[in-house]
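The first chain written gets the first letter, and so on, giving A, B, C, D and E; residue counts start at 1 in each chain.
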Amino acid sequence: MVPLSWYLILSAVLFSLGVFGFLLKRNIITIFMSIELMLNAVNLSFVAFANYWNMHPRVLADGQAIVPLSGHVFVFFVMVVAAAEAAVGLAIIISVFRTRETLNVDRVNLLKL
Amino acid sequence: MNPIHTVDYIRILPELVLTAFGIIVMMADPLLKPGASRKGLGLISLVGTVAAIAAVFCQIAWMHRDATFSQPGWFGMVRVDSFAIFFHLLIPAIAGVCILASLEYLDAQNIQSGEYYALILFGTVGMVLMSSAIELVLIFIALEISSISTYILACYRRRTASSTESAIKYFLLGSFATAFFLYGVALMFGATGSTSIPAIKAALTNDHPGLLAVAATALMIVGLGFKVASAPFHIWTPDVYEGAPAPIVALMSTGPKAAAFAVLLRVLFATQPTDWFWLIWVSAALSMTLGNFGALMQNNVKRLLAYSSIAHAGYLLVAFAAANETGLSAAIFYTAAYAAMNVGAFAVVSHVAAGGERYVSIDDYAGMGRRSPLLAFTLTIFMLSLIGIPATVGFLGKFYVFRAALSVSAHPNAMVGLTVIGLVNSAVASYYYLRLIVVMYMREPVSTEPLPPVSGSMRLALVLAAIATIYLGVIPHRVANSSEAGARDLEPIVNSAPTAVTVTIPAPATPAK
Amino acid sequence: MVHQILFIVFGLICVAGAVNLLIQKHPINSALSLVVVMASLALIYLLLGAEFVAAIQIIVYAGAIMVLFVFVIMLLNAGSEEHTTGSRMALMVGVPGIIILGGTVAWMLVRGSAGLGGVTIGATDFGETHQIARLLFKDFLLPFEVTSVLILIAIMGAVVLGKREG
Amino acid sequence: MTKNLNLWVIPLLPLAGAAINGLLGRRFKNSMVSAVALLFTALSFGWAAWAVYSLWPGGPAPYIETLFPWITAGKFSAPFGFYLDQLSMIMVLVVTGVGFLIHIYSVGYMAHEGGYYRFFAYLNLFMFFMLTLVLANNYLLMFVGWEGVGLASYLLIGFFFLKDSAANAGKKAFIVNRIGDFAFLIGMFLIIQHIGTLNFGGETGVFAQISHYSKEAGWGWITITALCLMFGATGKSAQIPLYVWLPDAMEGPTPVSALIHAATMVTAGIYMIARSHAIFNLAPHALEIVAIIGCLTAIFAATMGLTQTDIKRVLAYSTVSQLGYMFLACGAAAYAAGIFHLMTHAFFKALLFLGAGSVIHAVGGEQDMRRMGGLRNKIPVTFWVMTIATIAIAGFPPFAGFFSKDEILGAVFHSPYGGPVIWAVGVITAGLTSFYMFRLWFMTFFGEYKPDAELGDSQAIAPVHAAPVHAADSHGHDDGQVHGGVHESPWIMLAPLVILAALSVVGGWVGIPKFMGGHNEIEHFLAPVMESGTAGASEVAASAEHDRPATYTGESAAENSGEEWLLAGTSVLAAALGLFFAWLLYYKRRELPNRITAKMHGIYTMVLHKYYVDEGYGAIFVKPLLSLSTLVLWKGVDQGVIDGLVNGAGTASSGVGDELRRMQSGNIRSYAAWVAIGGAAVVAYMVWLGVSR
Amino acid sequence: MILTLVTFVPAVGALGLMLMPRNDRALRWAALIISLLTFALSLYLPLHFDHSSAQPFQFEQNVNWIGQTIHYHLGADGISMWLVLLTTLLVPVSVLVSWKSIHDRVKEFFVLLLLLEMAMIGVFLALDMFLFYVFWEATLIPMALLIGMYGHDRRIYAAVKFFLYTMVASVFMLAAIIWLYTHNPAHNFEYLAFRDVIAHGGFSSGALQWLFLGFFIAFAVKVPLFPLHTWLPDAHVEAPTAGSVLLAGVLLKMGTYGLLRFCVGMFPDQSAYNSTWINILAVIGIIYGALVALVQPNLKKLIAYSSVSHLGFVVLGIFSLTTIGTDGAVYQMLNHGISTGTLFMVAGMLYERKHTYDFREYGGLATPMPVYATFFLLAVLSSVGLPLMNGFVGEFLVLSGTFQSTMPHSMLFAILGTSGVIWGACYLLWMYQKVFFGPIHHAENKSLRDIDGRERLSLVPLVVLALVMGVASPYWMRSIEPAVVSTIPHASANARILPVGNDNMQHSAGAQAVVLSNATAENQKAKDSAGGQK
């Protein structure tokens, strides 16, 4: 059995690495990947928390019991969204490539000031 | 047995209507031969928005009929209270005006695709849903719907580099922020074990909120702050607004913003205002200052308006900081106020910009008073309203905001300070808005080429926006009242509202059942 | 015990993959290392007893999304990224930002004052598909339906943006 | 009380004349204009005479008439009210009478000027204001006339406005007067504050109430008030330090100089002091100062008169000096004497000016006496009237000037505020007066006529602003008609001269003092006025160290007539001396003056340049003020500091804006960096907050 | 109701003009007729003003506007009534003045003019602070546009400067107003309610001080009070004639009106507390403005600075906090409106002929244009404050009021202020001489045409009024004084004057009775009490 905080810290680390990726990578696609990485990190904490709440069920003030599984459901929806974003995002990336002939994010800076 | 009742469908009626029309438009598009103008589809989608508004009225009627209507529906997913209703009315209206403004714009840019309108409608669905959703899952999805559709729309002039660039910037940074928001949601789920706002509210108000909750709130503020373009998360705004098609800017600077503010309200007031008071305070001050000063030297009208939208987000946050019922109603009213004037302004911009958005610098507005009195006059109205000259909605909006700010019991000095900052800012801001008026009326035109004639649809859009600006500025009772009602309805969720900023743990939430 | 070893192994693989994603110059390598991350995450999900999530993690993410990425990378045959110094900000401001951010969160979690304590969690019998299905198609019906709009938008968007001029 | 005299008609008639001429005059023929002007002046003279007659004798003077309120605010109220007592009787008769004569004279004199109607409109306007001044029943209304005459003189001095010198002189006159009025206003404020009203007469009037106060030993508010009023008077009556405007005022047409700057307006100050004697009597210090200023001005101006060669300027300085006499009289609390001299002076000085005008007219606009000479048989009438006037002003009995001047000197000698020293100065002045007057007389009428004499130092003579030598240039005579040599003026001009000459002879006889066997009617006539307000004062005075009543009256000196004879004799002697020297230098041995001037060149030039007073004022006040305003205030403070700050703020903020825009590097990664740091800040703050709880 | 009519007839007219075709002649006539109609309507006020009523305000109209809190509340007392009349008089005059001088974008011009009139009238009549602020800000735009669209070379700079100056300042007033509202138990913006709140609200003096300053700064800029005046010369020099006339004639009065009605009226104690430095500023303004005016090479700039000087008198009078001084101040507002308005009009006529304000271009004009010279002279005299002209009454009352005031150093201020009569004479006569006297240097000036019938028509009413107001001030005072007394409750206590019976009381009791409607009563009382002491 593993302490919850391990999972959380792992997710935090992954998240930070994702942010790093966003900041440091030059290739738009890679940047997009690091966003996906961040989402995955989030998913990890969702699942971990879901598991935790499953072990420590509690009742809210208004008498409702909490639903630990909604964490899993959330992950599901995150994946759906991620898929959609991927489709659109890549499409956008393609049209950027068409107009710019480059995928280097540092070269995509017409709009400034 | 069917656990879903009719009333549940009424609760999402506008969304249904919009989706239906969206699908109709989408289906109809291939039937038209390529290269033909899509005005017809535009009109259909316009009808769609009108129908949506009608649906909202039907909801209102229902609400008056039975009190349970404004209880959570769909197993605690949505809550159609007067707060939601307000945005239900506002957002389709915005969409309608934007569509009106787009009709001639698309032809000018010769973009022939019906999906444009479909996307606007679907995006509207997302925004409308955001305002009524009370479950973070649904909020997240609705948010993504509105965001993704706007990403695509921003990219719509995809032959031009600027448009695609703005799209990619918007998309990458948007998803970046979304990730933050999600992380916040995750931590919040960890802290409370639930993703339903009332539940979270209940959990947080009962037992002492732990660190996780606070951190979660922080991260959600980051995500939503990005969506409403409040400092320091505003930085994407000017670039994106500059590149995106003008009518879409009109939409995305008002619609998603309004929706995001709605979410922010719901989320923030699920937590302890004391936690984030100073956060919002600083953010408000920063937004106003950065926005206004950034705009001072702008020569590109779209960028200028972008900065101004940052500043206005700041004014709105002042009302948030007030964090009491007057504050809420002020904020709600301000979203409408800002929408009215800003949509109008961008409508004018999108007409003047003409094919390929060539004319977007201030100098292109020189002598507008002679070249096209109507445009000049309406734009003047919008500018005055943005300055906050009395008898325009802009003034009333600011007035309500600062009234709320000065009426809070706690942090009186901080709020007075914020008010002064805001007022001084609005004085500074008057300079660059005035610049536009000055150029239009006091300079001689540089380009003798006459402006394209203002089409009927554009006229309608302008007149509607102008009328809204003036009407709300002179006789705002109805809107003000409904915004107050909205604030009051938010109260059960925000039960700590009246005694807003007090460190004492407020009374337990009245169960929203 | 086994749990911990497995967690540590897969956790390390995750981190390694993520780091590799950063240090790889060619996007295709980054993509593959991301696949690695996802796969090992799926395994960690299993450790947490979330079979369904683990499954769709493999299917949707590693299967669908990453394929899409790779496909686009091939389509645009993006070469290895050249090193440009476009933004000093990213280093001067961003990196400290990340350190503060990650640091704070991590410190907070370690300090365990999240009200959750150092509880240990692991595989349970919950998170099976039918429970999720009940939840998904009853309580979360509306979001589920709404995602259809989302997908629709995504498809339309891809079509609109992807199709050639004309 | 008695029947209503409708005093308001007296000033209003000239106003009507002014209005008619001013509005319609341009369409009138000159004859019509003069008819209107003369008619209304005559009418007002008639009405005044009737009013005086109907109060005469021993009528219930003072007669008060209140029309309607003019200014009312809070507890203060000032009505349009008129006041007729013996004092104002004299004044009103002098003003209307002399004024009428001068109107007649002007008809001839101005006949060929442009703006004929304008001239008469202004002249009537002046009459209106002057009459308001003398008839007013409160200081405020008096101030109306006071400022009004200033305006009229401004307009009339600047009548030939195409000349810069004329315009400047007019402006100078008005502004200098304003400086006096400034003090006058302060005085009024003081009166309002302490007494609450500005009305003269009536049981609640100033004089009635002031009589409740007792004489001030020190520098109380009454003294201050008196000094303020006095300073106002120095402006109007051209006393030190504000006399500078009067000589320049000679830029105006000669009749104007006669009417305004000799006979009437300039005496307003004297009138005002006499009118306020109740206040002055309570302020010994003020009286002393008045006396000192008076005698200083008298001698000072007289010396300046010695060297002037412009005929009108000589008269101007003599006017200043004579006004000094009147001031002196007031200072000696011998108001009656002052008024007496005022009257006689009005006669002979008006005569002198008109005569000078006639001379100038005769020699075709020339004003420099060195270009005249030998005119006595060319223009005999003018010569004779001038002679009479000269004798009168020089103060030879039995001409008018003698009696009034003698009255003053006697009073000064006895007065606690005068004394032998000041008396002596007065006598010397008398000598000087007679000298420079006869100098004028000789230079003008004797010797041979030399119309184009070489004026060596005309430049040097030329005063700062107005250049009298060029004064004639645009003076309409030359343009008007071609002069066939020197010629006597038409009778319409001579008639007034003759009348005034007669008055200058007999005018003094109303004031023959006791010791000469007369009984000083004028003093008796004015006694009720002068005694009126001073009841309290005199008894205090009686109890004070000296037993003389505050107000000097001939009676007090009646007993020791020997002393009186002595005093009178001395002044006559002084006059005689003056005559002798004038005869010596300007008739007998004409080369002497140049030698003398060569000898004492320094003093001469200084006197010639009027002690450089104008230059001094210019250097001390005017220039520094202008440069201060331009450089420091306008360019410095206004444009430099204030606008600098304002615009600076503008540029600064726009600079800030520019810097802020640098954040928009346009690079996605740096944007993300901003978001990250912002997020980090937010999270850190919140966690810190959570921990600190 | 009548007030609403007076206020909004111009606005309706403006709408009408907007819809009219671009026929300049018709537009001019329409504007003239509308403004005259407004004037006729406004004449109703003095004719039906009830001098005996104890009500502070008359012709009131008070209805809810926005909810219960914000009312549409109009009302007139002696002060605002006359200021409104001044406005309604000056507008038709300025329409006449711009008859020929405006030939481009005529429609916009007159629309703006009428809108401006609406706003100005509203400012004087509003009794609800919110409404007041609305009108207050509403004056900005038309004026700025008038300057910027129809002005001269540096018009844009001037317009923007004018706008920003006022905008920045009035923002503080808004803050103060809102703050007061939030602390007003009645939860409305009623002026009188605010007065009560401040009187009995038990606010800390610190808070009151800030509020006072908030209002003060807004009004001080508008007045303009030294050192906030630098927008004025620019605005005046660049503005078209009509603009200058209204700017000097009415807009500046909005500032002094605000000082009187709101600063002094609502914060009596703070006003007394701050009177010293405010009076110092006022005196500086008087002298400074005059001195700077003295050296201006530009006709309009000179007049502009003279306004600074004249308005200094008004402020001095108001902050003497005495009845007399404030009466004088109010009267001086009207005077300045008329005399300076006239000056700007004549200046504009000159500009129409020669298109410059530079003195060097003029001189000796009295010969070619005598009638014009006469009008100009009258305007100058009325602004010099020559007795029997309106200017004198105002200045005299202001100064004597200040002289008697119990405010610290007031006597000194009065004396310094009185020196203004000298300066006034200096720069105005200097100006007159520069334009009209001396030889004609420029040949073309010989043939300048004298003013025509229209121009005379526009000048005559003002000049006549200047004379009448100089002679018959009580007619105005009888309605002004009660208003002043009710605005400054303990004004009479601030005066150091010894009360005595003026003998004209006995002589023309009839006239007096009419004159002092309710002031007489208190005078009488004061007198009796004083008599008792004697």
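Methods note: a contact is a pair of C-beta atoms (placed from the backbone, for glycine too) under 8 Å apart; a residue touches a chain by one contact, two chains touch by 3 or more.
Keep in mind that what you see is a predicted model, and the values were worked out from it rather than measured.
J.: Return the chains shared as contacts by chain A and chain E, ordered by label.
T.: Touching chain A and chain E alike, sorted by label: B, D.
J.: Among the chains, which has its CA centre at the largest distance from chain E's?
T.: Chain centre farthest from chain E's centre: C.
J.: When you average C-alpha coordinates per chain, which one falls nearest the overall C-alpha average? Tell me, please.
T.: Located nearest the centre of all protein C-alpha atoms is chain E.
J.: Which chain maximises the distance between its CA centroid and that of chain B?
T.: D
J.: Between chain C and chain E, what is the gap in Å from one C-alpha centre to the other?
T.: 72
J.: Taking the mean of the C-alpha atoms as each chain's centre, how many Å separate chain D from chain E?
T.: 36
J.: Suppose each chain is reduced to the average of its Cα coordinates; what separation in Å results between chain A and chain B?
T.: Chain centroid spacing, chain A to chain B, equals 25 Å.
J.: Distance between chain C and chain D based on Cα centroids, please, to the nearest Å.
T.: The separation of the two C-alpha centroids amounts to 103 Å.
J.: Could you list which residues of chain E touch at least two other chains?
T.: Answer for chain E, listing residues that touch two or more other chains: 164.
J.: Among the residues of chain D, which are close enough to touch at least two other chains?
T.: Residues 661, 664-669, 672-674, 676-679, 681, 683, 687, 691 of chain D touch two or more partner chains.
J.: Find every residue in chain A that makes contact with two or more other chains and list them.
T.: Residue numbers touching two or more other chains: 8, 15, 18-19, 22-24, 31-32, 48, 50, 52, 67-68, 70, 73, 77, 81, 84-85, 88, 91-93, 95, 105-106, 108-113.
J.: Could you classify the connectivity of these chains, where an edge means two chains touch, as line, ring, star, complete or other?
T.: other
J.: All pairs of touching chains, please: list them by chain label.
T.: Touching chain pairs, listed by label, come out as A-B, A-C, A-D, B-C, B-D, B-E, C-D, D-E.
J.: List the residues on chain D that touch chain B in their complex, please.
T.: 653-654, 656-658, 660-661, 663-664, 666, 668, 671-672, 674-675, 677-679, 681-683, 685-687, 689-691
J.: Note which residues of chain D are touching chain E in the complex, please.
T.: 22, 26, 64, 66-79, 81, 140, 143-144, 146-148, 151, 154, 158, 161-164, 166-168, 171, 174-175, 178-179, 181-182, 185-186, 188-190, 192-197, 199, 201-205, 209, 625-626, 628-630, 633-634, 637-639, 641-643, 646, 650
J.: Could you list, by residue number, the parts of chain D that touch chain C in their complex?
T.: 665, 667, 669-670, 672-674, 676-681, 683-684, 687, 691
J.: Name, in rising order, each residue of chain B that touches chain C in their complex.
T.: 3-4, 12, 15, 19, 22-23, 26, 34, 74-78, 113, 115, 118-119, 122-123, 125-126, 129, 135, 137-138, 141-142, 144-145, 148-149, 151-152, 155-156, 158-159, 190-191, 207, 210-212, 215
J.: Where on chain A is chain B touching in the complex?
T.: 8, 11, 15, 18, 22, 28, 31-32, 35, 38-39, 41-42, 45-46, 48-50, 52-53, 58, 60-64, 66-68, 70-71, 73-74, 77-78, 81, 84-85, 88-89, 91-93, 95-96, 98-100, 108-113
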